[in-house]
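We just call them A, B and C in the order they show up, numbering each chain from 1.
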């Protein structure tokens, strides 16, 4: 009896780790965007979805093999992210600041609008097709003793961790990374040393959206692409980003994501499967409810506050 | 005692009249959004000169500094730097031209290491040689930075953080260094050390410095000339000797 | 007949979403609390109705019929809303978004997974409902009921929003901290707002279910909530009529695309959402207050639009003619010229203490006594063993170098921070541990160095929020005793005008406070804190950041306040102000009071000079 349970446990663990890895990419991407630029960018879910559709379209219409299609999809996502920042978020935040309004709320509502536009735009463009599939990936199961993993699991795992380590390297070893971390650490001081925050904002949108695109393509390889592909994973990304803490490095965020995935998988031992998303959202709820901290730093990204006397 | 003796601007004996002006502000008006805090400021800093603006909190010193640097748009008046009109320039442009600003609070990147902080200072420097040269210089001036190179700046003491911020500023090879209340919260011994370093730099390299201070006593150690600000205007200009000779300073604030 | 039913079905949709939008507008537009969960609260109401109906259809045999279920559903949603309010009370915008997002996803997840609630398909066949004996079958049957509900909700929202109660809500939107300092129990207001909004959303949810005969997850999911938020923003946050506009724009786009432009039904549904998203972004860009902004915001927007923020090439800052006129008026009236009418309430019976004179503290009762007040933040000593006394009819000043802890003292006294040790006796009673609003009600009010006026409220409304004991600010009285609230409101406005006249700002009563010059805003803030009629006034840097003429005006006013017998304590960096005003001065260094006495005494002390200005 116990050997069956142990195998079950291991399988759940493996599933949890792989699911968690899927959350890691988007958690890292979203956290990067939010912590550096301060935009509560819900439309992040849309770059995920767009990449899936672009990759699928490349495969179906132009017979592009899997990896180039994935790259194209991710690049499309990166471009969309950059456009959203440049054409919508940045002008709106400047306008809000100049009339003394709270930019955060304005941009959040704008991101709702962007989500609606892109989600339904994609649905419209794909109206003729019932479902969209990524071509060119031969997903096979592999047996490792008591557990089964798929080649897709492994591909996602290694690609994700590769990207995360790459991001870590960029952030900690390059000039650009230093500037990004500087803007995140102290927006006002970045101005003092002559960093143009709006350029950095675009950069993190490009990187973060690229990550979401990769994740979206992998998800659509697993299940087919639908216009609502991005929203449920996005909520997971939110949970991961806030649980890990917005000033954390990518590796730590990814580890938190994996932990969350494992917790979610393990909860099936206690609850029926359909309740597991509830576990994740409940974690988010209690985290927010029990954490009485004011998120002051996020606002610093918007306006240099007048120097108030310490008293 | 009259509250608004804006007429009382003491004639400043031209101690440094030979040296050209590095930066000049004329009729400067500034504030935040539409809230005007600086109403009419005229000042200048010559090359190699250390000038201090003193005044109480709320007098408008920091606003003036940030406007000169380009972090805030000027509401009126002009700013001239190195002969160019920089009234409408942004901070990024001015930083590339040799201005450096160290704010009064949160003046380092706390989450980043000392090394990262210093490297950030040299962002606009193209020449590796110049960068290496300044790196050596900064570590000579503040040896402790070498010891703590990999420590997060936010975990260091107040005085050490000030050194990091100065090092950061010096890495950019500035011509005009602007400091906002550098002595705030520091032990007198540390302040003396930092101020004498600044003095040496001004004398040896022709670095111009603009210091905002509430602490006149400390500023007297290092400043050649003083402006006194109150309620958004400059009410007085004096040399170091004149300021030193004052019986008390209560009616300045 | 077909045509009528079709038209009415669109109208019904408008009504349903109007109820959603009106309720959210109250919470988000008036009270400034973001919520992305309106549809989730609708789910609570709608599923309650559906579940109760399906389990016991005989409940419809009562005369009320389905109305009873509607009420139960709404009340249920209201309770859930009030519960959600608890964690939401301390949250700022970004965290509120997160919290309400969690609530939205949890509730929808729940109804989707609990099998008794129908799972993915929801509860079906909710038809045959009757209200007052009339069966709700066709759109034409539902229309009168929906219309009645909508009008009721509109009336409730109107009463809550456009009343003294609503004034407090709007104050909370603008600046919660300032509201609390004026004695408003912000937590209670927020809880009620959340509860009422959720209840009305629950009502809309029941309408949805009746209209669709099903209670299913897609009716109440995140995109529905997001649509409702967009409607409120597009229509105009803070303007209830605007919500109708926002809803109409979205709902009526469907027939536009489907019948007028002749897209297929599926494509039309997508196109109208895309179009609405575009409208939303365009509105945010060019008309951020919405298509129908609230009155004050519209005026403020016009004032701001005319002002130039950055000067033209090389020229001086030229204020708009309106502003120039304002300045001209101000400069024309010197301190002596201004007519000061003492508001009736200002005449305090016992006047003791006259003006600043000798070094001996003026004779007057001790109104505020501070004993051994201490506070540390980590390793930093913010306040250590402070002993202070404020006497009636005197002006006391707190001075000290930067970092001495002066503003911290005000924060400790008003309850914004809790001290580690010590007592604060106001009128003989220890107030340590009380919240800021309770302390304000007990007679100690403060002004802020950053002014903290309510920009999108009129000047008069700003001051009116200072007036205490308004029945219109009580939810029970608001609906329970309308004539009294209206009568008192008139008095409140009159009193507020008197305070404005005292500070010289009566001409600006209906102007949006956000459009004033900073010096004028400081005067309004002074009038506001005076309107509290608090015994003790703590004024934080009343003369900072303003030009010297304003300093004069402010000084004169504070002098008069002192002469009328109020107890005033000021923190100031401008020492001329202190010299002129203070009867007694405390000198602070690094969290300790190291000297006290008259200003002259302090300034002759060499050691204090060194502490303040440093040693050479």
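What we mean here is this: a residue touches a chain if its C-beta (ideal position, glycine included) is under 8 Å from a C-beta of that chain, and two chains touch if they have at least 3 such contacts.
Values in this document were obtained by computation on a predicted structure and should not be read as measured data.
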Discussion item. When contacts are scored as defined above, which chain pair ends up with more C-beta pairs, A-B or A-C?
Written reply: A-C
Worksheet item: By CA centroid distance, what chain is farthest from subunit C?
Response: B
Fill in: Where subunit A and subunit B are represented by their mean Cα positions, the distance between them in whole Å
42
Worksheet, complete the sentence: Per the C-alpha centroid definition, the whole-Å distance linking subunit A and subunit C comes out as 34
Discussion item. Give the residues of subunit A touching no fewer than two other chains, as numbers and ranges.
Written reply: 98, 100, 306, 309-310
Practice prompt. At least two other chains touched by the same residue of subunit B: list those residues.
Written response: 33, 37, 57-58, 184
Discussion item. By the touch rule stated above, which residues of subunit C touch at least two different other chains?
Written reply: 304, 309, 402-403, 449, 541, 573
Fill in: Residues on subunit B engaged by subunit C in the complex (per definition of touch)
1, 3-4, 6, 27, 29, 31, 33-37, 39, 56-60, 73-78, 85, 87-88, 181, 183-185, 188, 214-221, 230-233, 244, 248-251, 253
Worksheet entry | Complex contacts: residues of subunit C adjacent to subunit A | 34, 86-87, 90-95, 97-99, 101-103, 105-106, 109-110, 112-113, 222-223, 226-227, 229-230, 233, 266-267, 270-271, 273-274, 276-278, 280-281, 284-285, 288, 301, 304, 309, 402-409, 449-450, 455, 514, 541, 571, 573
Worksheet item: Which subunit A residues qualify as touching subunit C in the complex?
Response: 40, 88, 91-92, 95-96, 98-102, 104-106, 108-110, 112-117, 119-121, 123-124, 127, 231, 235, 238, 242, 272, 274-275, 277-278, 281-282, 284-285, 288-292, 294-295, 298, 306, 308-311
Worksheet item: Which positions of subunit A touch subunit B when the two form their complex?
Response: 98, 100, 175, 178-179, 181-182, 184-186, 188-189, 191-196, 247, 304, 306-307, 309-310
Worksheet item: Where on subunit B does subunit A make contact in their complex?
Response: 32-33, 37, 57-58, 62-63, 66, 69, 71-72, 91-92, 94-96, 100-112, 116, 119-121, 123-124, 168, 172, 180, 184
